[in-house]
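Chain IDs A, B, C, D, E and F follow the sequence of writing; residue 1 opens each chain.
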Amino acid sequence: MIFITRKETFSAAHKLSRTDWSEEKNKEVFGKCANPNWHGHNYDLKVTVKGEVNPDTGFVANLSVIGQILKSKIIDKIDHKNINLDVDFMKGKLPSTEVLAIEIWNQIETEINALGCKLHCVKIQETEKNYVEYFGK
Amino acid sequence: MIFITRKETFSAAHKLSRTDWSEEKNKEVFGKCANPNWHGHNYDLKVTVKGEVNPDTGFVANLSVIGQILKSKIIDKIDHKNINLDVDFMKGKLPSTEVLAIEIWNQIETEINALGCKLHCVKIQETEKNYVEYFGK
Amino acid sequence: MIFITRKETFSAAHKLSRTDWSEEKNKEVFGKCANPNWHGHNYDLKVTVKGEVNPDTGFVANLSVIGQILKSKIIDKIDHKNINLDVDFMKGKLPSTEVLAIEIWNQIETEINALGCKLHCVKIQETEKNYVEYFGK
Amino acid sequence: MIFITRKETFSAAHKLSRTDWSEEKNKEVFGKCANPNWHGHNYDLKVTVKGEVNPDTGFVANLSVIGQILKSKIIDKIDHKNINLDVDFMKGKLPSTEVLAIEIWNQIETEINALGCKLHCVKIQETEKNYVEYFGK
Amino acid sequence: MIFITRKETFSAAHKLSRTDWSEEKNKEVFGKCANPNWHGHNYDLKVTVKGEVNPDTGFVANLSVIGQILKSKIIDKIDHKNINLDVDFMKGKLPSTEVLAIEIWNQIETEINALGCKLHCVKIQETEKNYVEYFGK
Amino acid sequence: MIFITRKETFSAAHKLSRTDWSEEKNKEVFGKCANPNWHGHNYDLKVTVKGEVNPDTGFVANLSVIGQILKSKIIDKIDHKNINLDVDFMKGKLPSTEVLAIEIWNQIETEINALGCKLHCVKIQETEKNYVEYFGK
């Protein structure tokens, strides 16, 4: 068993804010992340996959292929977009980094596992100070 | 003459888009940066100041004081904000990294130079791949 | 179960040296880290917490609150200080990175867990080449 | 139980290519990594070791000693070399990052464990976007 | 006048070695960089351009366009290649970082300046410890 | 004319404090950097040299040789040391980053220039947020 990781990046806007809460309540809970006119980040996305080494190729899986899956399933939908408004798989969800990691897992799990390996971790770094890791249910 | 630099960071939303241009024209010129619903970045701001070393302190200027000026004049106004909508000194201006660097220079020049040194460079890194440097007129 | 991490930084002096050993013995065991007049580092502190996502907030815990705990319990006591001489929770202990990680865990565990999540890892990076991770007993 | 990590770096050439496959097949499977005239990388090698803290030293193991083992067993053999042609422990093996991680583990396990700790992970970062982790059989 | 910079990366093999010198002489002058079977690096390429801000766009030049020039003129020719053997603009030249920076400048100057700005600097980082900057003749 | 840069690192303790000032005055001027029991940093030292490319070698100067000069003249004297107490060329001087940059310049200028190039810049990064550059008188 060996673990391989692919990093991709995207830049997006979001805000943490519930429509069923007042602006004051949102500000109290989410602080400056509740700014009504949005803010944004450069996000690092790291996807880790585990499996056996294929003796023919020396690969668990081809990291370029994993990069292409991430591009078509995630990056093309979220890069230079508004996570609250523009991203289909985040519609109606709170765009915290935690929820984003879970939803990215859900978007890619089937296609990753079809490569003959197993999705192990989705890690999202939102700022230099904050990151989140999800290992599935 | 010696040069000292302070780095601060902020996260903000913006879009590159002119209201007097059609959405098609904006998309043609600004590409994915024209996304109508905004996108965002983690920005690094580096401010370089030059001057003589004060023999009493060994400092050109106290970098903590420069950090406080950046905080009150720039970071408090732009961090977790929308550059197009929320930032007074960017009102009515195109929020390209170039224009942002010039306007940040204009916001801080007087107060920096009042420390007995001279503002030398404002550098803004927008993504890992792109940055801008302004040295004044 | 999801994992969230907060990074903080501090700069401190220390030396690795036992008073019950001769200077030669200390130098033999601890090498240049035993320099009698101290040396120092910029340390990165990463604290990882695990828990369920709160459906109201999308958070496991508010990373700003974790940052405040780290600030009051650790950073305010150790930043720009001497780890051997100035830090109450390191008194009488060898200030190796291993011991520091364990003692930081002990300082913050109760307050972190009171947030409704569980402290998972304390990671300290001492130099670009060396780091330590502690996951509790 | 605590985990300590040492980072070393090396620069090397390699290609991914099987002599029992045609150039077309190699290109199809390995893409640009199959370039016949080689290519190369700056590699980061991180070795993680676990153990109990020695109460006399505050160390799991001396990270300088681990650095020396890595230097003599790995870095001196692979730095500024061709992984396919020059490195004894990679002779006849596909120089994928996965295989390299496993073979580095095999080279150092005995000597690391003789320090009274246990080898836990060999991590190799090949590019900014790709890395591999091996935790043993 | 404002300065904008684009970063691209490539991975390549090379060796420093003159065919009109003996292997001993090459080793004496170029050290481990003379390894006959090549070695390689991940290179960072930063290209800085200067000009006036276009009032219609807020840009000196579109950094994506500069990225495309770098891709077609440099990256596509050198990434995952052997600098000594595979790269047309380096044929017959010593592939030191200094010479590489000058030859990259020569490859891109006309096309960059045709954008209405002026090529200012080509910076190549070969390892974490070594980089080179060329500002033209 | 081309510019080449070598990075080295060191870890050291220091404090900013004048013996002819009271502890209160030192604290007022130097803030937390005046902590009587010292503090410390991991410093990055970057030395830039300029010159013509030697057509025989493709080098302005051999960066390994510059690294050796930095090691013998600077790193061996300051790494894992106390800048105020242990470093001969800082005796009696305020160990601000500015003064340190000037004194490092003075230590290495003759030997660097004897390589047939010219010392251009000494840059010291003290923390992620603060750095200093000195270009000579």
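Keep this in mind: contacts are C-beta pairs under 8 Å (C-beta built on N, C-alpha and C of every residue); 3 or more make two chains touch, one makes a residue touch a chain.
Only a predicted model underlies this, so the values are computations on that prediction, with no experimental measurement involved.
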Mind listing the chains that sit against chain B and also against chain F? E
Going by the touch criterion stated earlier, list every chain that contacts chain B and also contacts chain C. A, F
Sharing more than half its contact pairs with B-F, counted by residue number, which one of C-F, D-E or C-D qualifies? C-D
Suppose you list every residue number at the chain B-chain E interface; are over half of them used by both chains (same) or under half (different)? different
How many angstrom between the C-alpha centroids of chain F and chain A? 41
Express in whole angstrom the distance between the two chain centres, defined as the mean CA positions of chain A and chain C. 28
Report the inter-centroid distance (CA atoms only) between chain A and chain E in whole Å. 33
Per-residue multi-chain contacts in chain E, two or more chains: 128
So the touching chain pairs work out to A-B, A-C, A-D, B-E, B-F, C-D, C-F, D-E, E-F
Which bits of chain A are touching chain B when the two form their complex? 9, 11-14, 32-33, 35, 37-42, 79-82, 85-86, 127-128
In their shared complex, at which residues does chain A touch chain D? 1-8, 48, 53, 56-60, 62-64, 67
Interfacial residue positions of chain C with respect to chain D in the complex: 16, 18, 29-31, 93-99, 101-102, 128-135
